[in-house]
Amino acid sequence: MGMSACLRFTRRVWHSFVENKGHDVQCFPNLEILSAKPGVVEASLKIEPYNLNRVGTVHGGLIMSLTDTLGSLAIASKGHFMTGVSTDVGTSFIKPAGRVGDTLYGKAVVTAMGKSLAYTRVDFTNDNGSLVAYGHHTKYIGKSLSHKDNVEFTEDGENLVEKKSA
Amino acid sequence: MGMSACLRFTRRVWHSFVENKGHDVQCFPNLEILSAKPGVVEASLKIEPYNLNRVGTVHGGLIMSLTDTLGSLAIASKGHFMTGVSTDVGTSFIKPAGRVGDTLYGKAVVTAMGKSLAYTRVDFTNDNGSLVAYGHHTKYIGKSLSHKDNVEFTEDGENLVEKKSA
Amino acid sequence: MGMSACLRFTRRVWHSFVENKGHDVQCFPNLEILSAKPGVVEASLKIEPYNLNRVGTVHGGLIMSLTDTLGSLAIASKGHFMTGVSTDVGTSFIKPAGRVGDTLYGKAVVTAMGKSLAYTRVDFTNDNGSLVAYGHHTKYIGKSLSHKDNVEFTEDGENLVEKKSA
Amino acid sequence: MGMSACLRFTRRVWHSFVENKGHDVQCFPNLEILSAKPGVVEASLKIEPYNLNRVGTVHGGLIMSLTDTLGSLAIASKGHFMTGVSTDVGTSFIKPAGRVGDTLYGKAVVTAMGKSLAYTRVDFTNDNGSLVAYGHHTKYIGKSLSHKDNVEFTEDGENLVEKKSA
């Protein structure tokens, strides 16, 4: 059985982030999109030296950047090629998030999505499955709702309902 | 007249971030600390392609990383070599923050600092002086209050009160 | 010289909150709108026993309720009778905000306002003028932009540009 | 079988909020603590006219006040009679949270708790079980860790491990 349409699409959106050669690829070029269902994306990041702060643990800025990017990818997993603009993002840091060689896991969930706004939450866990940080990310999507590359998935994300793009 | 003791110290702390070769230098190696008085730090960043999102403007993750780092440097400007661990960071994005070649300015202010907690706020402005984003950053500093490299400044930050470190 | 059109209008909006007999008047019936210019509202609250927490200082929930309400009134001060719906509100608490008999001051500022979103910040100070807390409040205003009771002020808020309502 | 020790204690803490006649009882005198296990508290609120905003739905300030109070009660459910002071609280509002006669449900979870800081998250759902809002609440608990009325529960909260208070 092949990869679900939703995972394929979400990875394609992530790939468009990578190709852009901007902040995402600068921070976490090796981000892996592990799974994607409409509205829920799971990813992992093997921690590298350039992800750290001065005390040798994952930098808060990295986790916030992931809060931003994974929240956007959760919106993408609903079939949106463009994911709008952020209005508010916040992250709470409850324990050190790992050192070089550890893996950081992020799970982003769309909590609501209308014609103007999309809300996401992102939970970060470590190799032991312990919660280390979590964030919320609100976006204005009013201008990206009808992008030509948007698609629609079946409820389980396995298939495309209507292929709008090549 | 030479550089103030506070600016010299704050730049030294920033330099220790750079030497660490972690997330800070990965994201904004060319950050410039323009000024520092105890509790207030101003910095600028010439925007480079690796600071962008897919639509060609400054990535929200970059601004959040700066909210984190500039808030920490504002704590450093009070004479703290180590600046504690973040508890909560949040940023509001009110307009696009610039494109390649533009300069992004950040001003971080310590709003409160006790024996356990330090609070900072960071305002981001563009070349026109317009506010583009702002954030808040709360840190637990209980374990870094008595670091051997901490110093104390005169109220205006011009001089050291007591030189604790070389 | 009489009261400015902006202050008169903002107080009228506050009065509509009071008449509603909801959460606002339950929490702070004696809120005073001290001044209003388009986008900037100042208010004061004499602290009463029903504003407190268990340790006898102002309850965080009261300050957050004021972050919500004063942010909305700052939007009102731009001539908007209805002020949209909140998307994200957050408050940082940096010191105890007062006891019975003290006065709490709040200053709300609109930092950005477009056709869909309005952003505000609220600073809280005590009788000594010390900052005690501050918050941010983002609202979706897409559906309240063209309310029949909206008005337009001259830049200084002294006069109405065009009287749309009685 | 009787009520668990944890639920009994958490209700006792809530009762001390009520007796205080402050902001809590002003806003939601009829809050019901439905269940409590160490670190997890569920509550419900029948919505009354004094909980509303101008458009007839639950006021954001009410939900934020509950974010504050339920987060504190989740800390209480770990056996803490006093629950520290808030540093940061934030709430995201994803849909209208109900009208008079509806019931609003809140579930607060302690995500981390050390010697200095406690972190909580609160989810709000409506009568249909739909998520309507959620918040995060961080508290400094360094000074309330050793209160004479603190107790310790068995892991499941059914019994007291050591009865420190009458």
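By letter and in written order, the chains are A, B, C and D; residue numbering begins at 1 in each of them.
The rule is simple: a contact is a pair of C-beta atoms (placed from the backbone, for glycine too) under 8 Å apart; a residue touches a chain by one contact, two chains touch by 3 or more.
Please read these numbers as outputs of a predicted model, since none were measured by experiment.
Identification of common neighbours of chain B and chain D yields A, C.
Per-chain Cα centroids separate chain A from chain C by 35 Å.
With each centre defined as the average position of its C-alpha atoms, the distance from chain A to chain D rounds to 31 Å. Spacing of chain C relative to chain D, judged by their CA centroids, is 26 angstrom.
Shown for chain D are the residues in touch with two or more other chains, namely 87-88, 90, 92, 119, 136, 138. If touching chains are joined by edges, the resulting network of the protein chains shown connects every chain directly with every other.
Within the complex formed with chain A, the residues of chain C that make contact are 87-88, 90, 116-117, 119, 136, 138, 140, 142.
Listing the residues of chain A that touch chain B in their complex gives 16-17, 20-27, 49-55, 59-62, 64-69, 82, 85-93, 96.
On the side of chain D, the complex with chain A involves touching residues 88, 90, 92, 94-95, 111-112, 119, 121, 131, 134, 136, 138.
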